[in-house]
Each structure stands twice: as C-alpha cells, then as structure tokens.
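Just below sit the structures, each encoded as structure tokens.
Both complexes shown next keep subunit A, but they swap its partner, so subunit B is in the first and subunit C is in the second.
Entry: the complex of A and B
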C-alpha cells in the first residue's frame, strides 16, 4: 500500500463511520468544539509564554534539597536551588538539576503493566489502573497462574503475608503509606533499605548517644578529621555539607582524609592518608591513646556525661599505640600521632565518618570509637563539633490506625546472626524468603531495586524467577528497573516533580527547616502518586484512611505544625516552599539542659529519672521502646539531672553517652570499643585483594542513571588497581581483567593508578545496568532494548557500537555492576551490609 | 490546482455535498487510526475491526490484517494488546508514540514540540479533557485532532449547501481557514515525524495489524498533504 487515493479514503471513511456510530471513537482526548481564532493571541510563541516558578523539594538523593522549578507551557524547563533556605543556600548539585530527565525520560513507565509471558521474558500488557488495582486487591490470573490479592490475605487473618519493601520513602510519604495504610491493613512486614545503606553507623550511634544521624558543624569547626567519608561528592546531606566543608577549608581549616582511594574529597583535602580497608578502627583507637597520653582530653565532659572515667579510658587505651596501629593499618605511627595532636589541639574540631569506615565487619565499633574520640576531645554537640541532628517534625491531625499488625520474621536476617539489627538487614530478606518457612504471598517493592542494589545479584534474580517462593510480585516505580522487569504487575509512580510531601531533612545550621514538595506539573500519562493510590486501595478493601489525597495530607501538616501554621500554613508553603524560624538559635548542648524532675522516679542503679508506670520495678527492667518513652533525665557525673543522651525507641540505654555499652557486653562484644579484626582479611592469601566500592558526585546509587545528562557524564566504572598489583599480573591501564569472589566473577576494565592503596581494587556503583531504560543500560536503537527513535541515541557516544556480552562483562559506555561479586553479609552487631570487606582475586582476562 | 478525480466521485448531488462527504470520510479515517493507536484494543474495537464493513474495506485497500483477527475474541484482543505494549511501551525494542521523543533535539517526553502541539490544538478552541491520560503529542491525539478538524470542515461544507446566501462568504472564509490549519498541522507536525515513526514500526514488528496501520497512516498523510495543498491553493 504505497498510495491511497481519495476514492480509497471515501470507502475507508464510510466503513470507519460504523465506529463513530458505536461511540467508541468519540471524544477520546479532546474536549470542546473547534473554534478557529484568527491568531494565537493567548499562546503566541513570541509573547504569550507564561513562566511559573514553583518551589518544591528535590528527591534525586536523600538530601532532598529545596528547589525551584520553572514551568513554561506546562513543561518543566529548568530546576534551580531555592535561595531562601539556610540548609542549601540556593545551591543544587548536578543530580538535582538533571531532575527533568527523570520526569521526561523517554523510557518512563506511563501506564500499569501486567506480565503475560514468563518472569523476565519481557512480555507485558498495558492495562488500566482499574484492572491493576483489581488484580492487587482481589487477585486473579497472571500468565495462566492464579494469585491471591490483598483482600484474601486479610480475610484469611494473615495480612502479614503482604510484604511492602521500599527503597526511598520519607516525610509524609512514609506517614501515609506506612503509618496509615499499611498499619490499617495490618501488615508489619515492611522492609527498608537501611541495611545496605548506613545502618551500621546508626546502630553504633544508638548504642552510644541514643539517637541516630549526626551533623558535622563545619561552619564553626577549626579542624576536620575524616575517616572514609566522600563528603564532597556523595554525603547523605550532600549539598548542605559539601558547601560548608569547602567554605571551612576556604577559611584555612585543614582536613585530613583517611581513605583507601584518592576520592575527590581526599584530593581536595590537606592530605590524603592511604589506609588498609577495615583498619580505621585501629587508627582511631591509637588517636584516642594519643589524646589521653598527651592530656588532650576534656575531663569535665568525660566525667559528667559519659559512663567511663579518665582512668578507665587511659587503662583501656594503653596498648593502642600509634606503633601498634601502624602494623594493622599501614599508616605510619608518626602520621597518626601528628594528626591526632593537631585534632586534639585545634578545638573545636570534628571527626567525620561514613561508609568507607563503617560498612565493614567492625563498622559499629569503628563508629563507636569515633564517638569516643570526639567525647575525649570534648567535641560532642558543641559549635564546631559533631552534633546531634536537628530536623523538622511535622504535626498531622489525622488519627493513626490502632490496628495491631502482624509480621513475618524475615526482616532481620537469620535468628541470632546480628546482635542489634535496629534498622533491619534488608540484604538478607531474599535469603530469608529463599530458605523459608515464612514467605510473603505478595511481595511489593516501592522505589526499590533489590535485584541491583543488594549483593549476589544472580541469587536475587534466581529467587525472583521462582514463582513458588515468590508467588506475586508487584513493583511501583517510575521506569522498569532490573527488579520491576521480573515482577508480575508494575504500577507507574509519579516522579518527585509531580507529587506532594511534607519533608524534613536535617539542617547543618542546627535549625529546624520545614519544607514541602509540590507538583510542578500534572503526573504524566496515567502515572499516579502512590500515596494517592493507597487511598484507593484502602477504599477497595473497605476501609477509609480519613483523607482523600496526599495533597490534603500535606495541607493538614502545613495547617497544624506550630510555626508553619502561624506563618500562613498551606498557602504560605505553596508560595515559598519552606519555612524556618528566623529567630531560632542553633541547637547545641541539648545533653546539658537542666530538667525538672518533679514526679519522676530515680533509678539508683542507672541514674535515670523516669516516669514509673504500674508494673515497672526499675528502669533497667524496661524494654527499649518503653525506656525511651518513660525516660525523663539522667543524673550525670555532677550529680545534677540533665537531659543527657536519651535512648531512642530502638534499644535500652541510660542517658549517659555510653562509651561502655552494657548492651554490647550482654551479647559478648567488647563493652568499650576495642580492636576487632575482620576474619576474612586475616585469612587472605598473598594474591588476594580487598574489593572496595564507592559513589561519585554526579550519580545517585542506583536510580539516577536514567538521567541522560548524568549518564552522559558518568557511565563507566573501571576497576582501580595499584601499579604494584597490576605489574606482576601483566595488566596495563585499559586492559580487561576478571575480578572473582566467592559468589561470582565479572570481567571489567583495569584503571591502573597510584590513587589507590596497594592491595585494594575499587569499583564504583551506578554502572552496568541491564534495564532501567536506554540511557542507564546503554542499549538503544537497533539493539535489543529501548525506544527506537530518540535522536540522541544515534548521536550519543557512550556505548555506541559496543558489543554486549551480557551484564557480567564490561561493555564500553556501560561498565559492569560490582554487586555480582559482593556476597550479602552483615556486620555482626548492626547487620549492615559489608560493602567494603569482600576478598577477591584479579587476573588478566 | 484541482484533482480531476475528485469531480468524478459518485456522492452527493453537488460539489459541496461531495466536499462534505470527502471531509467526513477523512475524518472517519483519522478517527479509526487514532482509536487503534490510542491504547491496547478492547474487545469492542476488535469486534468492529474484524466485522463488515470495515474488514472488507481494509482488505480491499490491501491491508493484510485478516490473519490477526482469527480466533476467539478475548484471545485476539489480548494478543493485540500484547503487540501494542511491546511496540509502543517496551521495555524491549519499541517505538515511542510521542512526537517530542522522535522529533526534538533532546528526545525527551513533553519536549518543545509537545508544547507546540498543545498550543496549536488549543488555538483551535479544543481543550484537553480533565481525565485524559496521555501527553498532547501522542500519535493518537495528533490523529484525533485531524479527525476533529476534518469533521469541522465537513460541517462547514454542509452549512454552505443548506444555509442562506448571505452567509456564504463567511463560511467560505472559515472553510479556507480550516483547510489552511489542516495543511499547517500536517506540515508542521504530522509529516515531520509520523512517516519516520511508521518506518520504525515497520522495522520493529512482525505484528501485521500494526504494520498495516502504520502503512495506512503513511498513505493517509501523503494523500492528505497533497489534497490540502491543492485545496488551499484553490
């Protein structure tokens, strides 16, 4: 049919008229009647463009900066930082600016999909929301197999067999979905991703100073000591911290960075101190030793607010000399000594730490040792030191459901594996399901890509393909991830640029900053904010959450939160995006606050003043949750009642900064941080290397790679190895190598560089996607993936013409994902994934 | 310049009637194509497609679609829905049904060309319905827009036949404007990306129904470009 004539048209038109008669084709998308104006005075390209500035909040990473989006013709054309906020001061990183790429990604998922082939076969059917939610709620057939829906699980009395597993869900999103919907439904089988993120650090802080998450007061510090934080590239509070860190260095503050790799942070530091992986603890202990030996300790702080004495510390630390630490860490003793002295004398100084130091077997004790160092130096919660985080707390008036939920015991790893998995062991969930006997009937993931982000990728894929062990998998995301491609039902989520949230990230100025996320544009296609979807699901199940939309929930927060309310509530927040008390003073020294103890009971054994309830015998008898709830104050070393360092709801502790932890001693660990060797590293052969992983400044862990601009900048992750390692293997820069661990092998490209400690191989995350759209996977037109027609897929240089030998083998323009060779293993205390401990062998490919 | 064949078409009593019928036919053609590209087909749509008179005419036009429709209605519908999803949604090799992905320098959804299409459509007095769930430059919406314009043209032609003489001049002016706009839209939008979009469909699928619809769209646009140019010139 190369041509049709008018006659053909008449015939086809007459035949098609039948369709018009049925009404099937009437008014499909366009309403109104055709009225032809003579000129487009409302929409002239030259004069009629309306540009609207909408303040909102980023979500490209957990920092969630304040942003302003500029909308023209209904199209978001640009994102900038919101200059009115003290947290970010109007700055925004590359990831934030590339947010439009997530919104308008040509591989974006725009409609619900139901699987019609085998899992992972790639055969789908676009379905309506009505059908999709019908399937989720009432069950039905997927590719010839019957599955149970949410209603059946609840009617059977087992709502816990619905597991909800999220990757990123913060602020009021979490309130709506978790505290209201999932609670009302009755499941407590709710997984998160903190086990692969930073839970080791959090557990350590909870054991020591009660709450989790710390702030480093760069604005007022005089010295920065850094263990394994890539603070200038990828801190969890990136833009606020990076700008303050650089500003401090601009004032002449020195920063010493201990890292196995010359990260950009290390490169910007006063000095990069290379260190053997997993030995930061030894160096920190030695630094504590140096401070004690040189009388550089804050005796009043130690004796008032910690539960150890100066003498106990001296005695505990006596053998941890810099010379001893040198034998463990490879860092020269003199270097340790001189940096420790500089840190101790520069008061206030701050010791910062992140995944490089803590995502190890000994990570909890490393972080606790760092808190001990800060306590010794008197840098706790003071201007210029390490402070307890200050974030907004929103108030909502919707009553939370009182349903007593049930849960499957699959969130915290195998019984007894971890002493205090207070933030769960998310990397173990798949193994728990694999081993059974408890397994969810419905496994739902939300903004989470477990196949890609956990270790043992092949194991993850194999489990997800097992329809006996995982009968019904539902994914809610903005594009088809590696995990969603293995699901049965996929729900298209609204991006962060299309939805409502009350948000609350920590402000490094120690001031509460309240801010909201509001839609810049209407959700694209038939995508929907999942917070709105759960309201519908609840209605289908026969219960009402008490609010009709996420917008109503956010409005409620704005109208009821003290301060925000008086400023003008919802209307004010829509206009400005954020509110903070301009007269607020930064919150320091909260532990020193005097507390009125009238009516409280003193527990003599612990020195805790608490609200005794009927049945309590003493404070020590309370479980963690009640200890936190009933805590009033701590009788400190000065005999006075201070606010102290209260426990949070995760675990029991006193109100002292617990350098000596009874909780740890009870489980057989050292009560005061002591050296803890990494078993696998002790047993290494001469040709073994330690694999370390890292992140870069223009990518978020797993989900920013569908941003074209970002992936154009960063799309390959060669393995860094030192020339001393490469030479004996005959490997030169750019050669292909294999990297093999106990769980698998990848073939990748070598980057031979002196910017890494010998004995280490470093491979970044972000790369090697085999799904998540054409940009992330570097597959496009003419290949086996992606849209055929995006013009830049022909122009782009990354991955062009590269041969694809499968996801475990390097491909130009894509690199290879490192998690194929990282086993899922948690630290024995917090259960945090040991990203930096894997022992590997490298060979020339 | 006029097309001689048009005068010999056996319809209506006068040239105005014939013009009206022609415009209405084009409208129905666009409507058909908009419908089949809007989303996965429903059983009702499939039933229409495989029944007379549409089935015969499609056959006569050389559209090799009959093979697609054999079998139980539910199964046929599901197969076509799967073909639609594979072809226009992915995640495998697929072709984006949005103009901006095909035509804009940035190749993203809701690009500059989307804004242009939206503005163009809204300038004609039409608006996007509150519950529509697509993006303004989806192939189906551009085709639906042509459906609406051509239906309006047919209305105007009919008015010219029946109405008082005094209105004729105004109607003629409106008719000219309507054709001008069609031509402009075909030139500035549809013909810029749709022929290539159809080529991609032809390359990417063996699902003959959508292959045949792609060929039909290409042919319709080619024919219409020629005709609107001719009408505008006259």
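Entry: the complex of A and C
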C-alpha cells in the first residue's frame, strides 16, 4: 500500500510543490555569500543557544586527540576535535564522539563498593571514601576475612607486595601515580598491559633503531606498503594517521595491504593481498631480496648508518626469493615481486606494520625485517618514510622521590621464557601468581580488565576467586568490569572528561604538540580522579607527595614547560587546550645530525662515543641503562660522528641502525632477520584453522562497549570463515559453530564470507562482555549500582529477549568473547602475546 | 557494519524500495539497468542547480566523495550526539556492502542521510504542512504541526525519515541548520575523517560543492523519481545504491 501512496504522491508532482516553498525561518542569504566555519562552535538544536566550549583531550583510546567538549546547562552534550591541533585538524572518530556515553553511562560506578558476598557473587555494600581508603591503607575485614593494608606491607619492609597493574595511565597521570606515589611508597611491582598490545613491535624497534614507536609520514609519501595494520579503523594514533592515509590515497598514492582478512583498510587499498597468518616475514624477506637483486637499495644509507654492508645483505637474502616466499605465504611470487619493485621505485615510500604482522611467534623478527626493508630502500627518518616518533616532553618542578623500591619477579614471565621482555609479559602475571612463590598481598588494578583482555579467561577467573593466592583485590575504574566484579574493594574513578592531565602523544607532522585534559563537568556522584586519591593515600601513610591535586600538577607543567610557559602557561592551556611551536620544523634525519664529541671517549670496537665514568672499561661493558645514559654519538660509515640511532634504557646497542643484532645473537636468535617458522603452524592437521583476532572502527579494545552509540552500531562478533571452510562442515552463513582450542571452546555464529583467507577464523575481541554494564553485556541497564541519568537506555534494542546460555555461548545482541579460547603465550624474544597464532578446530554446533 | 545480518530491521521495513526500483527501472530505460543509481554529468547537474527555484539564493547541498570515505561512522555518531537522536533510529548512517569473490572481494560504503530533495515527496505527502522546505532548499519538520501520521515516511523514497520514539513525531536530518544558520558546517561534515563530506551553497560557483558538482561525474540516488536529490555522490559503487534501507 505504501508503494501506491508514494507513486500517487509523485504524480501530483509540481502541482503542489509551491506550497512547500513558503518555509518559516528561511535563510534569505543570496548565493555566493555564505562562508561556513569548519568547527569551534556548537549550538543547541532545540534552543539555538550557543554551547560552552571547553578544550581538552580524548581518552577513548591511546591516540588521545585534542577535543572540544560542548556543555549545555551543565551537561556535556557533544564532543568534537580541537581544530587548534595539527595532529588531528579538528577531526574526531566515532569512539571519541561517544565519550559522553562513558560519562553518563547508566551503569557507571558512582560510589566506593565493598564486597559482602563471595567473590563474583555481586553482593556489595556502598561505603564512603573515608572507609574505602581506611580499608586500603590499614586493612580490615572483607566478607569475614581479614586483609592487610598498604601500611602493614610497608612497615614489614615489603612494599613490593603491593602490585599495581594498570591498563591506561599516560602523561601526567603516569607521573603522579607511578613516578611519585608508587615510587615514594616503595613498590616496583608495577604491571602494564603492553605485553598484550604490541610489545613485539617495540622490542624489535629497540633492538634495531634504539627507541620505540614509528611514525608514518603519509603527508609526504609516494607509496604505502602495509603489513597487518588496520590503520583506517584503529591505530595507536588513529585519527591523525587515518586522515593522512586516506588523504595520501586521494593524491594518487597507492597502498597495498597484506592481511588475512579484508579490513576496511584492505578494502580501501589499491589492492588487498590475502596472506597466510604469521608469514609476513617471508614476504618481507623476499621483498628485501627483490630490492637488492634489482639495485633498488640506498647504498649510502646502508653503508653509513647500518651495521651491515650491501654485500652482506645480498648474501643473507640470496635464498629468500619471491618463489620461496610463495611456498610459505601463499602470495604469488609475481605479486611479491611487482609490489616490491613499485615500493622500491616510488621513493619516498613507507612500509607500515601493526598487530596483524607482529603479534606472532616470529613478530620481533618480522618487525625487524620491515625496518631492514625500509633501511635498504632508504626510507628511514626521511620525509615520506618511516620516522622515529616526536612527542611532547613536559617539565615539572616537583622533585621525584628517590626511594629505592623493591619488586616481585612476576612481571616478565617465567625465568628465561623471553629473551628481552622490555615491556613486560603482562599476560603471564596471573600464571606467575598462580605458580608462586612470589605473590602480592594486595593486587590493585587501575583502568584495566585483566580477566577479559588476557587469554585463558577461565583460568583468570579461577585465580581471581582464589582468596589464598589473591588475598586482597582492589579495582579502580569507571564501571564494574569482569575483573572489578571479582574484586574486594572497588573505587570509582573520574572519567577522562572530569579530570586533569598534561598529555603528549606523537604528532605525525614530526613536531612536538603539548596539550592538556581538563574537566568539562564536575565528577559525577562521589567519583574521584585517582590521581587525587593517591595524594590522600600518601598522607594517610605519612608521606607527602609535594602537591595537593592533579590540577596543581598540571598547572605546574604548564608554567614550567618551555614554550607552553611563554605562550601563557596554565591560563593559555585552559583556554586553547594545546600549544605547539608554530615555527617548529618537522624533525627528520635526526640520525644524521653532527655531534660535538669533545670530551667523549671513542670505543674502538663499537664506534660509539660515550661519556666514560670511573670504572668503565669500554662501551660494550655498560648495561642498557648506562649505555643509554652515557651515549654521545656514533662514528658512522663515513668516519664522522653522528647522532645515529642511540639505545634507549631497555637494552644495550650501538648507535648504528642494527640490522645485525648482537643482542639477539647472544641469546641464540638470528642476528640478521631470517625466516622463523611458527611451531604450531608447522604441525597443523588438515582440518585445523588459525584463529586471528581483530578490532573495528567503532570500538576500542574491551573498554568502549559501554558507549551506547558505538555498541548500537557494533555489538556482535560472528566468526568469519571462508566458504571453502564452511562447505565441507555443512555450515551456512548464520549457523552456530563451535570453535575449539587447547584451552577451551566457544559456541558462536558463523559469518561465511569471501572477505577472509581460507584456513583462517577471524573473531573480533570487542564483544561478549558479561559485565561492564547493560549496553555491553546485554543485561538490563542500570541494574548494578548505576543511576538513571540516561532515559535513552530504555530505547536499547539489541539483544532484547535473547536467550543467555552463559558467557561462552553466543547471545544475540552480545556475541561471545574470543579470549576464552586463546592461550596466554608470548613470543620468545619480546614476550608479546601471540594473539594471531592459535590453532583451532571448527565444527557445526 | 554490524556484520551484515545482524542490523535492526528498519521500522518502515519491507521490500518496497526494491519493488519501486524495478518498476521505475523499466520506465527509465538505460539508467534503469542499475535501477537506483544515476550519474549526472557535471553539465546536467550544474544546469539542474541553476534551474532551481531558489536560483539566486543560497541552495544548500552536500557532496559525498566516496573515494575518501573510510566507513568510520564518525558521522553517524556525531549526528546522534549533536541532535540527541535516540537509540534505534538514525538521521545519518553508513551503509556497507560486500561484493565479489575471494581474493578480489570488495567492500563499499555509502553514507546516507536525507537528500534534501529539490522536489521533496515528503513535503507533498504531509497533510498538516509540518514537512516543509526552506528557500535555501533544506527540508525540515515543523514539530508543533506534526501529528505523527507517517505519510511522509511512506512517501520518502530514501527511508530518510523516522518516527521519534520519545517525541512521538517524525524526525529527520536537518542539514544541522541550527549550526549552518550560525555559520558552522553540519556536525557530520565537521568530523568526517576523510573530508569526504563537503557542504555548501550549490548556487555559489566558488563553493566546493558547486565546483565538485560541475567538475566530477556526480551520482544521486534514484534520479528516475524526479525528486532531484541535493546530496551528490562521487565514486559510489552501484551495488550500494540499489536499496537504501537502514542497513549498517
């Protein structure tokens, strides 16, 4: 009937058109006179009133864009990008714009909670901050069981038995909590989450060019070669990189993406090149071979700044032909060859990489091979190439405590398991605690959900429930996560929209950008910025941090950081949110900088100029920390002293770009990147598949699913399988399947698609929460200690009435989490969690 | 984008657009080979703009350059936030379509919103004159006059209107006139990461939209219906343009 109605209406056509043209409130401006601003202002759609604009910084992911919050009648209603920042040019992704959802989440934690039932039973008592901090500092009774507090551990001389494990803590938040509070307290049992993030990439870079974090200069590049980065959907510097990447493609720059799955990045690429998981290394080695064989190498760069010669490279790469790589990776040799030639000829070109390529058994060598490729092509630290990161460095005048702390040896995995776990092996912490003998008396998690984000979820839950091995668990977060649900004491944190931070993320324009986070509204309920809470905890323990609030700390940074200070300090930053030196030149070629070596000692064996201290015999005798501190310059291949590629404090290296790594050779690994097969993949049966996990453009890890606007768009994570896999199993699109690994089984929904490499199962890890609020878990909103500040939760439509068979089984509107079936296992060099290596079996459920 | 099969069925549902497309396609001849898509040469589009009844005045329009769209939904969420759009309904969304066999599989995006048609069928359908068009071409709802009869929703060939679950009246994209009238681009344009969404005055030959419409082969949805959309696409995949339901 609706068809007829519309057709008839269309027939009426022009006859009635005139009626419509008499609109009210019409804009009578003449054509050619309208000039619209891109951003900076916002108005109420209802009243037309201008909204108050407050510049600040995002924290929906580690990118931490500059933002402007728009406040209407005391409520934050809108977030946009801050156009004053060159990083983002005023853009903001879906996640950043959904930040208001975190603030006003109906399941937000508003008050401290103390457990009264069994762990995980969900029975809580709302308590005051005074009681909560009393319990943390002086211990007490939790559900009939006595626990020790922070004071007792310190008094006993064992502050290290307080483990602080964080997920997100950057900029001045990290300075306050870690450098000041935890240091003064005396514990160095401080865990992070980089082991499950991208630490293989960082370890590889530290071994090779000394520092970690690579910036891809899309603004100036002529060709993009991509191994496993979903840069258009998610990246640690997402909004700055995505906009530059697509802008480069708009200029005609070609991008070739090697990925096991058609990500949106692959879809927008000139070509998606499907590849067998964990074989990027073979393709990169073959591309290095092609460059050398076709004289497409940058001889001056190789011989001046790297520690290998052209002849050595040719010899090392001789057998890595594209034909060889085809047998390993499944990528046709001709494709490898033609893309390598295009990359080599397009100079400057950039080879980008991320988790798809590196979170494997061979991830460190894969990333090192990519740096070798970039070095061969001469695309290092140059406009249009792969550059070392440039970020802001804030200056604070509060003296950092000099307490010599102690630590439990549970951060880096079992002894000898990993050669260089420079960013720790966070996925092993629970197993270390399980095995003992070293265990923390107090385990505190901050903005971190280890139960959900690590592999072997069941094992994590079982340990958290063990009151002998985990006597006192404290959680500080904005909502009850799967981990906080199992805690004894829960502290409600202020969201990033209610707090102060000096922030510092890398700018793709290779200039330093200083920006701050400031509150847009007062913290809701009795939530408190944990940076302020630690000041109180310190006072209760009898020491003073030297500042009274996070705001004072940020003010100090603004008043003492060169440049920011002269621009107007704290007042300027509160008004603008960000400052950068308008006359700053992008930092390229810092390795080539000539260095004054007056007073420095040359170590003949390594060519390093260093500041010799009494007792030093030569540079090679220094440990990583001292090597970094005493390094001055490198005598490079041209005989001159250059800044080179200095080591960071993690590990010893020379100032050359070390394609040949002594550190790796010392531990029995290939010194120059060579093919490294993945043991489990070598032993696969014919019906085995390789599981890969991934991220999407509207979710951030485990954290953003409590944002209604994001989870409305993405709330289910079916398992992608190719029709070639599905057909023999009798599985059709939408059928239920089981996916089984060595550590467990999930029942999920199949998405049979041509957008994935045969032999692979891809499941995103964003879905399947059983806590974290109603939007995420598909339970009803506001049922846990939440508040009804958001009437829109009644309009939630996904997952309504769906049958819940437990967290390991698919539920409509929620999906199922994949980490139930991923074992915790690190790569042998960096200890990075091998997210993309799990071998599984799929069957029709 | 919610994995294709899981998106919520549109409230106005059914296959009516598909039927309409096929029927209209028979009439429309060559264009009808792809049913719902039309490519306008720069000349045709520019002439259409000059022929507008608002010629000489501002005529707001949007160009969406799909070469630059990364399907990121920044626009979808910006709009929800800017206009306080409830869960379950959208003023703008990004349709996503996958086509082709491995390894040449493709994925295409098509951001959708009200077309602010030059000949808006919704305005004609409205019995209370709640639906109206301003002189600058923006099609709006006078909330106080809307009785929620949904005739406009039935009339809109683009499924751009929805029933607001709280206000109990019809709601839709306004081109963010509350911003535009005060000199700021619509919220979806402000945040578009690829700068794919370009907004401006079609009657101003110096505006980016007018230049793009004149220079590029622009496309509109269902041109055969004579609604004359003022949302133009560049580089849209024909497979995405057939059915314009609220698939995300």
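Heads up, the rule we're going with is that the second predicted complex is superposed on the first by the 779 of 845 C-alpha atoms of A that agree within 3 Å, B and C clash if a C-alpha of one lies under 4 Å from a C-alpha of the other, contacts with A are read in each partner's own complex, and residues count from 1 in each chain.
One rule holds in what follows: a contact is a pair of C-beta atoms (placed from the backbone, for glycine too) under 8 Å apart; a residue touches a chain by one contact, two chains touch by 3 or more.
These numbers were taken from a predicted model, which means no experiment stands behind them.
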Does the superposition put A:525 against subunit B (first), subunit C (second), both, or neither? first
Of the partners subunit B and subunit C, which touch A:698 in the superposed model: first, second, both, neither? second
What is the contact status of A:751 with respect to subunit B (first) and subunit C (second): first, second, both, or neither? second
Should A:398 be classified as contacting the first partner (subunit B), the second (subunit C), both, or neither? neither
Touching partner for A:264 - first (subunit B), second (subunit C), both, neither: second
I'd like to know which partner A:32 touches here: subunit B for first, subunit C for second, both or neither. both
Please indicate which partner A:73 is in contact with in the superposed arrangement: first for subunit B, second for subunit C, both, or neither. first
Of the partners subunit B and subunit C, which touch A:718 in the superposed model: first, second, both, neither? second
Figure out whether A:126 sits in contact with subunit B (first) or subunit C (second), or with both, or with neither. first
Considering only the contact definition stated at the top, list the common interface residues of subunit A for subunit B and subunit C. 2-3, 5-7, 9-10, 12-14, 16-17, 19-20, 22, 24-25, 27-38, 40, 42-43, 45, 100, 708, 791-793
Contact residues on subunit B for subunit A in the complex? 3, 5-6, 9, 11, 21-22, 24-29, 31-32, 34-35, 38-40, 42, 44-45, 48, 53-54, 56-58, 60-63, 78, 81-82, 84-86, 89-96, 98, 101-112, 114-116, 118-119, 121-129, 132-135, 138, 140-141, 144-145, 147-149, 151-152, 174, 177-178, 181, 196-197, 200, 203-204, 212, 215-216, 219-220, 222-223, 227
Within their complex, state which residues of subunit A touch subunit C. 2-3, 5-7, 9-10, 12-14, 16-17, 19-46, 48, 50, 77-81, 90-94, 97-98, 100, 232-233, 239, 242-243, 246-247, 249-250, 262, 264, 267-268, 272-274, 696-698, 708-710, 712-718, 722, 733-734, 751, 753-758, 791-793, 795-798, 812
Subunit C residues touching subunit A - in the complex, by the definition given at the top: 1-6, 8, 12, 14, 16, 19-20, 53, 55-59, 67-68, 70-74, 76-78, 80-84, 86-88, 98, 100-103, 105-108, 119-121, 123-125, 129, 131-136, 138, 140, 142, 151, 154-155, 157, 165-166, 174, 176-185, 187, 189-195, 199-207, 225-227, 248
In the complex, subunit A touches subunit B at residues 1-20, 22, 24-25, 27-38, 40, 42-43, 45, 72-76, 100-101, 103-108, 110-111, 113, 116, 122-127, 480, 485, 521, 524-526, 708, 771, 773, 783-793
